Amino acid sequence: MVRVQTEDFDPGGELEALIAGRTDVGASVSFVGHMRARNEDRDVETMTLEHYPGMAEKVLGELEAEAHRRWPLQASTIIHRVGPLKPGDRIVLVITASAHRQAAFEAAEFLMDWLKTKAPFWKKESGPTGDSWVSSRSADENAAQRWTASPKSK
Amino acid sequence: MVRVQTEDFDPGGELEALIAGRTDVGASVSFVGHMRARNEDRDVETMTLEHYPGMAEKVLGELEAEAHRRWPLQASTIIHRVGPLKPGDRIVLVITASAHRQAAFEAAEFLMDWLKTKAPFWKKESGPTGDSWVSSRSADENAAQRWTASPKSK
Amino acid sequence: MKVLYFAWFRDRIGLAEEEINLDASGDQTVRDFIGDLVARGEGYSIAFEDMSVVHVALDMQEVDHDTLIGSASEIAFYPPFTGG
Amino acid sequence: MKVLYFAWFRDRIGLAEEEINLDASGDQTVRDFIGDLVARGEGYSIAFEDMSVVHVALDMQEVDHDTLIGSASEIAFYPPFTGG
């Protein structure tokens, strides 16, 4: 399940909704991205997330489908917020559920790495020194490259 | 924070309690182990978790401290349930919080791998064919071995 | 064709979207089309100054600069993604 | 010394814990002590049949079978861990 929304989300509630009543899930991994008050030595008062409506949902859906092709996942959730956020706010949620933990961990990492480099979202930071668009990080590019080969476990 | 308890836990509530009010956390990973109704082709009606009181808490505390030595974690939670559990019940919770996602992911995996092989808990499964103590899995031993070298990121 | 600008493309060009008619042949590449845009004014030429950070989607599918626009109904320009 | 048995050690021996006095010298190894336990009866000998799965903690610290018991006040026997 994929959602792009301005509202906050409830990580525990989303996990519950995803796997309630199931008795085949042995492991779930929930990743939450949170907004920090400092980023690369700059104070950030507001972060505004822009997205490409339509394409964002499409790409997240494709990433989720790819994760299910690569790992034996039983269920997954991807939620990305857009609009203005404050320090401490939740930004993104990825949940993966599987029979065993390794698939759940790997698929969650994969989804975050690819989401960062392949999904049309852009961050603008506003602080005491003005507004600026966040630059892409080479660390994120490198992390995404890890997954071009076949997965470690299946 | 480490806890061993018979009661259920609330993954979302524990995450909230762990990082509420903080603005330096950029990433949190919450792992939940859930009880499955089938394990290695056997139906399981009840799983009873036994532990070594005192030593279980001590070892979990040592594992948590080791994770904080290896990765730049800002906060963490480990909760392990004991006593009788039913299919679908939550068994274990590990939460790691860090400025960046890679440390949070790696530390959570590390904690689960070491917890499985180094913390004094034992599972007994009860099903239509009787009771039996769960055997340790070589896959868990191998997973734990990964972390004997130094961590991938710091 | 609907033309969309995201993030600092929108800031520099001063528009979130506009409608631009292509010649009907459809044999223009993305690169050709950017050339036409740059001729429209200073905002455009600043936006497309460093082509290494110009990313493009045709009908919501990422393409490279040599792709033919063909019969796409929507083209979008944006910098590298920074979500997550 | 307090002696604890967990999981199938407890089932086979039929006790969760017992108090056993060691000779005061403290120069017995874990392996020596297991030998004494096995002499106590069939439940013990079944429990300690396969020494490769006999894990031991002295005062809540895992040790190997050659460790001297010394002045430990608690010894625990258990199979490999299966929590998590």
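So that you can tell them apart, the chains are marked A, B, C and D in the order they are listed, and the count of residues begins at 1 in each.
Everything that follows uses one rule, which is that contacts are C-beta pairs under 8 Å (C-beta built on N, C-alpha and C of every residue); 3 or more make two chains touch, one makes a residue touch a chain.
No experiment lies behind these values; they were computed from the predicted model shown.
**Q** In how few steps can one go from chain A to chain C if every step must land on a touching chain?
**A** 1
**Q** Greatest Cα-centroid separation from chain B: which chain?
**A** C
**Q** Which integer distance in Å separates the CA centroid of chain A from that of chain D?
**A** Here chain A and chain D have centroids separated by 48 Å.
**Q** With chain centres defined as C-alpha means, what is the inter-centre distance between chain C and chain D in Å?
**A** One centre to the other, that is 74 Å.
**Q** How many angstrom lie between the CA centroids of chain A and chain B, rounded to a whole number?
**A** 22
**Q** Using the average of all C-alpha atoms in each chain as its centre, how far is it in Å between chain B and chain D?
**A** Each chain's C-alpha centroid was found; their separation is 27 Å.
**Q** Going by the contact rule already set, what residues in chain A reach two or more other chains?
**A** 33, 112
**Q** Show the residues in chain C shared as contacts by 2 or more other chains, in ascending order.
**A** none
**Q** Identify every two-chain combination in which the chains touch.
**A** The set of touching chain pairs is A-B, A-C, B-D.
**Q** Mind pulling up the chain B residues that touch chain D in the complex?
**A** 33, 49-52, 54-55, 58, 80, 91-92, 112, 115-124, 133-137, 140
**Q** Under the definition above, what is the set of chain C residues touching chain A in their complex?
**A** The touching residues are 4, 6-8, 11, 57, 60, 76, 78-84.
**Q** Which of the residues in chain A come into contact with chain B in the complex?
**A** 10-13, 15-16, 19, 21-38, 87-88, 99, 101-102, 104-105, 108-109, 112, 143
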